Amino acid sequence: MTMKIIAFGEVMMRMMPPNYKKLSQVDTLEFLYTGTGVNVLSGLYQMGHEVYLTTRLPDNIVGQAASAHIRKLGIHDDYVCYGTNHIGIYFLEQGIGNRASQITYLNRLDSSFGKSQISDYDFSCLDGMDALHICGISLALRENLREVAFAFAKEAKKRHIKVIFDCNFRPSLWTGEHDEIKHIYEEMLNLADIVFAGYKDATLLLHKQVDQSLPYDKQLRNILMQMCQDYHIEFIFGTIRKDEELTGYMVTSTKMVMSPKMRLTVFDRVGGGDGFAAGAIDGYLTHMEPQELIHYATASGVLAHTTYGDSPVVSKEEIIDFMKNGKRDIKR
Amino acid sequence: MTMKIIAFGEVMMRMMPPNYKKLSQVDTLEFLYTGTGVNVLSGLYQMGHEVYLTTRLPDNIVGQAASAHIRKLGIHDDYVCYGTNHIGIYFLEQGIGNRASQITYLNRLDSSFGKSQISDYDFSCLDGMDALHICGISLALRENLREVAFAFAKEAKKRHIKVIFDCNFRPSLWTGEHDEIKHIYEEMLNLADIVFAGYKDATLLLHKQVDQSLPYDKQLRNILMQMCQDYHIEFIFGTIRKDEELTGYMVTSTKMVMSPKMRLTVFDRVGGGDGFAAGAIDGYLTHMEPQELIHYATASGVLAHTTYGDSPVVSKEEIIDFMKNGKRDIKR
Amino acid sequence: MTMKIIAFGEVMMRMMPPNYKKLSQVDTLEFLYTGTGVNVLSGLYQMGHEVYLTTRLPDNIVGQAASAHIRKLGIHDDYVCYGTNHIGIYFLEQGIGNRASQITYLNRLDSSFGKSQISDYDFSCLDGMDALHICGISLALRENLREVAFAFAKEAKKRHIKVIFDCNFRPSLWTGEHDEIKHIYEEMLNLADIVFAGYKDATLLLHKQVDQSLPYDKQLRNILMQMCQDYHIEFIFGTIRKDEELTGYMVTSTKMVMSPKMRLTVFDRVGGGDGFAAGAIDGYLTHMEPQELIHYATASGVLAHTTYGDSPVVSKEEIIDFMKNGKRDIKR
Amino acid sequence: MTMKIIAFGEVMMRMMPPNYKKLSQVDTLEFLYTGTGVNVLSGLYQMGHEVYLTTRLPDNIVGQAASAHIRKLGIHDDYVCYGTNHIGIYFLEQGIGNRASQITYLNRLDSSFGKSQISDYDFSCLDGMDALHICGISLALRENLREVAFAFAKEAKKRHIKVIFDCNFRPSLWTGEHDEIKHIYEEMLNLADIVFAGYKDATLLLHKQVDQSLPYDKQLRNILMQMCQDYHIEFIFGTIRKDEELTGYMVTSTKMVMSPKMRLTVFDRVGGGDGFAAGAIDGYLTHMEPQELIHYATASGVLAHTTYGDSPVVSKEEIIDFMKNGKRDIKR
Amino acid sequence: MTMKIIAFGEVMMRMMPPNYKKLSQVDTLEFLYTGTGVNVLSGLYQMGHEVYLTTRLPDNIVGQAASAHIRKLGIHDDYVCYGTNHIGIYFLEQGIGNRASQITYLNRLDSSFGKSQISDYDFSCLDGMDALHICGISLALRENLREVAFAFAKEAKKRHIKVIFDCNFRPSLWTGEHDEIKHIYEEMLNLADIVFAGYKDATLLLHKQVDQSLPYDKQLRNILMQMCQDYHIEFIFGTIRKDEELTGYMVTSTKMVMSPKMRLTVFDRVGGGDGFAAGAIDGYLTHMEPQELIHYATASGVLAHTTYGDSPVVSKEEIIDFMKNGKRDIKR
Amino acid sequence: MTMKIIAFGEVMMRMMPPNYKKLSQVDTLEFLYTGTGVNVLSGLYQMGHEVYLTTRLPDNIVGQAASAHIRKLGIHDDYVCYGTNHIGIYFLEQGIGNRASQITYLNRLDSSFGKSQISDYDFSCLDGMDALHICGISLALRENLREVAFAFAKEAKKRHIKVIFDCNFRPSLWTGEHDEIKHIYEEMLNLADIVFAGYKDATLLLHKQVDQSLPYDKQLRNILMQMCQDYHIEFIFGTIRKDEELTGYMVTSTKMVMSPKMRLTVFDRVGGGDGFAAGAIDGYLTHMEPQELIHYATASGVLAHTTYGDSPVVSKEEIIDFMKNGKRDIKR
């Protein structure tokens, strides 16, 4: 069952000193192109879907190389537009053992994407799609982007396309009043069918009340069920990361289903969440049973921590093999 | 005590994306030449023996580079012949953490080795040798190879050279009737002095009966002792890999000796078994005491998991140091 | 003016020791996926066209990585099919100065492509295309492939799609009788609108007679004009490579147009001819004037010698800038 | 004779695909930190001087790595300040043979340097210096930078420090009226003792009139002598690059001295001019004879084309050896 | 509070096969310049101090590259002198898992440093310094070096500069009588204010008596307190490394303070002790509270095991973050 | 016609910054093992001979890796002995264009080879050999080595083995009186059958008189013929390198034969002379005709400049193809 999914989102350049070195210790960088949308689509391609990205890239070799990179990941670049000359860049100093990974951003606001506006996009790209993915970062960066994001969501609604929204709330990116931010998020949640969110999104961002004397799981279930009810959300997905274990959950207005706790082994941390998201979306679009779905999505998230880069590149077969057989030595 | 050992076996090219990446993520490959015979001989060279490979390689730069590579490992290439233009290749996507390593073979049957026949080899290369090593893969690939393998075993017998046979039974490589395969193996086992074999070889391949209500160790001992008796084998060696621990065993027609359980740490999985085999053969040829022998062989196998490549490259001193002192930090 | 071009052709893996080293001097290889069709399409993508490859690739990670690679080059993989597990591989030892580059092939006949047949392909992929590209190598490798090639050419004819045929006659690949080979080529030439051919194709392969007392240029013109007439070919394109200079020509049944002689500088030799072909096809499809067309195609060929890999990756702008301004130092 | 030279100027990051590849062909980049000031100081360090850079760098690991890099080049970072989080970046696709090198800039205006202002700098850093170097790029980028540049020049004048100004006029960087730009340059030229300038600076930028019927050399001499007179410049230095040869010149208000024509071989084009500048400044500060000085500076420029990176790294000994002995094979 | 620290010590070249390979498996080496002094100063630079090395380096490109390398680490090279042409080199075969790292030294005695003598150094470099660091290796290598080390210590004493002495007793480096060695060490200890020493230094080297029936901690406290009293040492610092945990201690003539046990994760083992030393010296010079100081120093040591190279390159902020928050996933 | 050749000579480590960078610009080095004997034997292996090296290497991993490296080149290591721990190292900064290559030696005198003496070698290794190669460097380094060299030459003489001596006179390596040096060389020349020598060896070293009014070729012929007569040398070989062209010569006591002038293209300069030597020795041992021999040897020398490393790795087929067809583009 092949579905068509389109994402509206930023493409950034990730630059990493090789071999766990610090930036001042190297004179080469490994780079790739990334972004929440890119990552989720990459995962969905591995799962057999037809995937499209719509974004604005620099009108130069950096933008062309970005397109080539995402095509290689299996993403169609038909709806990418080009303009101006800047792209967001982040440096990743990969940690190991006791040393944490560190991410340092260069100017992200003035990128071709950051400065793009409604007139840059052709909404007919939504025709024939089954789902649209939007990331909360687009709401945060600049007002013009926020307008584009809402325009996409509304155009999708018109066409009865499922709207998938990943909250991805990062306070550091926001400059406005909290009430205004909450309002913006609520507007988007009202448009969304599927949402990726967690405890902090519900409490810190949306101010959902919760009885803190309850166990954590119960609290989480209550506030996310509340969110589903308040904004008419079909499903909320998310993960709990604790003690080097990952547990996925899936919430509707009436219940919560949780995956088994799965042991995490981290090779490349960034993009792990997007691996989970790809699995959840695939499971949703192909109508998996709830328990299987959330197990599968969590397995996808766990394996996304074991591959180089932010974009999931494990195949559906590998995920299913891992769900069934756990960690294996070698396959011939 | 330097012995002379010759192996008849395939040389393949192993190609690996660097840094745990997937093939589609790279544009360079690390490569080396490998094969059960190559690996066992490489280990035996490190232990002080004089080692020779007899095989057929492509008659082009790929074959010449293979010879150069095995010479670097310490293996004499005097008895390598050349012809046709193909070599077996496998791609290794190295796994990490929860992600398994994956091996993908290209055409192996039509290699220079796969198509070689008795007339390509000069059996006088056996003169003066102390032992001959043959791998079960040669029995599986093609009938012409099987003929060569038997010819070598019989010529060795004539010269009172010890015949070492590694079962290495891989059902996927065999296309014939099971009875026929069993018969072929039994013929080879009757020629062999030293055999590498395990539970599955005895039960699935050779149909040895065992009382499954016994503990695993007992079962193993019984069927392997049975094998020794049935085929007049001097020693059977093998390992049990469980819960990231390795235990070696050594069986005669009357008893079984086991190594201590040794904790495994895996850096490069492929060829670990060949490291054990090299240790066992060295121990056998240099007349170590059984308990020391099997401990030493297992230590050799454990350390073979910690070096790059399929071919063991740790020195005898390192193995003995590890047997005595366990894992150490740094040696100056 | 964007056209749609599809090529039927082989994808091979090219493996190259880095930095002009010999195979026996390295333990890493730079690799990429290549083939006449791949290369021509890659060039046409850079010139603004929509390009498709139809072929059969191995049904494993090697085939998937091949698809990812050609997508990165801008080629659609919608019409690629998968089956069996082998791919043609060649090793390129890149020469420098007085030392020639050397190419060594491994088994090419038994590749997924080599063994593919008509039932593996869906000819509806031709619907809506403007041109089909076929390479003479497909005629040479195996009979089953030859059948596929002719089927494609005939299906294209039916749909009034231009058939582009690159003779690429390599005697070493052919095993049959010369008359039979000539006959096969003639059959294909009768189907073709645009042909890439040179002096040797006309004389050695097709036995065209020529007055050898004439200057080389005249001889060439006469036999190629003859070819155009004999097989109803619209245009024949080709190049003369002499004294480190390249001259392109374009021949119809009535005349020959030649480019200026352009100085060659060689960084990566393989695929230079495909760069010329891409330029010629672009010029033809976009109706350039003859003199401009052949100058442009030759400039494209010249620049294709200056980039890594077999597949042209210089942009149309770079080619035009080079035609106008010649060799330049640096562009900001 | 060790002098103390300080430069005020931008530090950029240069990112280059290795091995002459295009950006879309690679996943690693070689990078370094560069800038006219950095390059000139690097050259002067090799010639035995004590050199300082004053600039503003990002207040993060990118800025720290920049400081570490310039320290490695021998430049003191005592007067570097830190603030905001962006740095100018350019991508260099290195050309070869017929293919030109291409430089692509990302956002340069909003860098930490681009947004720095007078209050970020401590002019006491000029105390005890012998010379100050300023590059015309600082005049072009933004008004705030222009203010800093003039403040540095005036503070240097007060302290009787030689002011060295490199015109480096790039029309594409300027957005204002031409008259205003001319005026700004003239103001700086009036402050400068030593100037790097050429034909276009004098005619296009400063509108110097010249009798175009004269030979090029004469024209050049006349307009540069005129510049020296008009702005009270001690020396103007520059080079003529033609037919893969480099000729240096040195002009006062009364005469012009030219170097021999020196054959250029280009390995890394960018920064060649800065190698010449370093040589000229060293010659000037150490009171070389005019003819020797301009030969030495040109040799320095020529050798700067043969090393990796924009910053000259050949030693004074190598330059002098090259002046005397020309191109040599090998030195032991 | 920025202090000025100078170290007198050897600079060696460290050469390492990449990716955990053995020397015979590679044809490239990663190299860097290292030494106890270099490493301690590198750590102190990260903590905000002004640091200087005084040593003798080869008078050729190897020495110049060494200076460039240490400047990059933040160390001033003003007091480095140059002479003769040799440098100490060690090869590090990095172990992994069960395989130990192995260090192999080439000729170290005949290096430019090893052969340097008092007349090579200018003791005025001590003027204005707050502390001098000396390593026990300098006492061991050669008599001439020992003389330089004592001259530095005495000159520092004269100027009331704190003398920091790292015992670093390696029996294999010493050739003389034990009594003489003991005497030399005692002479240096009498000059030292701060000492890095452990159980073996006190017992094997200095023959301190201890009641072995006491627990290890008590024994250690008693003999180190005894050392403080005997040689009038202000503080002795050191670590206990056991069961993959590190515990730091700090001893005066009257008490011992211990850090919490901190779990070790080893990425690059060499230089871990120097990371501890840098932390301890920083804590001492900036008057941290004892408990905080030893915790901080141990955290610094623990993190020094997680970065490439012998020289600590983690920032003070990272150390403090690790002390407070422990191991973290990712920091943005 | 396979001959057996043994060389007595030094093995050094060559370390080179990759990609034409300077040492201070890199943190990795490409390394290999080299030496005149190694290089000549490597060339002779490619020409089909059985080759052996006798030398002393460090008794550690550096020595073992050296053995592995030379085995890879095709050289037997049966007669290598091991002792002490040092090896000669040189750094090669490879030049390009106008910039010369620079070689910097570290301590070479105290290497395992440099300190080896007669008792370290077993002269029975000469039994059955056809030729012995000795290099003048062994005469220069130390007296003990000189003794070994003479012992080898005399033992070879006894066995009627051809003695090949490469003068390789480098004044900088010698410390003694000139007369003594001349005497030592003359003693060796009296033992030698085949000698590699040139103009400077004859005039500066051996003080042969020559009529300087003659053309250079004539002078050269006269003094080398004189040498042949004076020391009873069968053949003297050498090359003239001028204007990027190489000409080989071969002299007996009665005549001189010269090769055609061959254009040089330099990729890796070091070891070019050893490529010529290998060709000359092969030609001599296989009884080529003089004119063919010297052409072949010169072609071998020319091609040795086009491969990475000091040791020739082009095959005999490539040399012959180059002799016949000159520079070629590509070979399939």
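Each chain gets a letter, A, B, C, D, E and F, in the order it is written, and its residues are counted from 1.
Keep in mind that, in the parts below, a residue touches a chain if its C-beta (ideal position, glycine included) is under 8 Å from a C-beta of that chain, and two chains touch if they have at least 3 such contacts.
Here's who's who by UniProt: A, B, C, D, E, F = Carbohydrate kinase PfkB domain-containing protein.
If you're wondering where the values come from, they're calculated on a predicted model, not measured in any experiment.
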Find out how few touching-chain steps suffice to connect subunit D with subunit F.
1
Same or different for subunit B and subunit E, when you check if over half of the residue numbers at their contact belong to both copies?
different
Greatest Cα-centroid separation from subunit E: which chain?
C
State the pair with the higher C-beta contact count; candidates are D-E and A-E.
A-E
Specify the chain most distant from subunit B by Cα centroid.
D
What's the distance between the Cα centroids of subunit A and subunit B, rounded to whole Å?
46
Roughly how far is subunit C from subunit E, going centre to centre by Cα mean, in whole Å?
63
Where subunit E touches two or more other chains simultaneously, the residues are 18, 22, 24-25, 27, 68-69, 72, 102, 105, 266
List of subunit D residues in touch with subunit C within their complex:
19-22, 24-25, 95-103, 105, 170, 172, 241, 266, 269-270
Touching residues on subunit D, where the partner in the complex is subunit F:
18, 72, 263-267, 302-303, 305-309, 313-314, 318, 321-322, 327-332
Inside the complex, what are the residues of subunit F that reach subunit B?
68-69, 71-74
The residues of subunit C that touch subunit B in their complex are 15, 18, 22-24, 27-32, 58, 60-62, 64-65, 68-69, 85-87, 89, 91, 93, 102, 104-107, 110
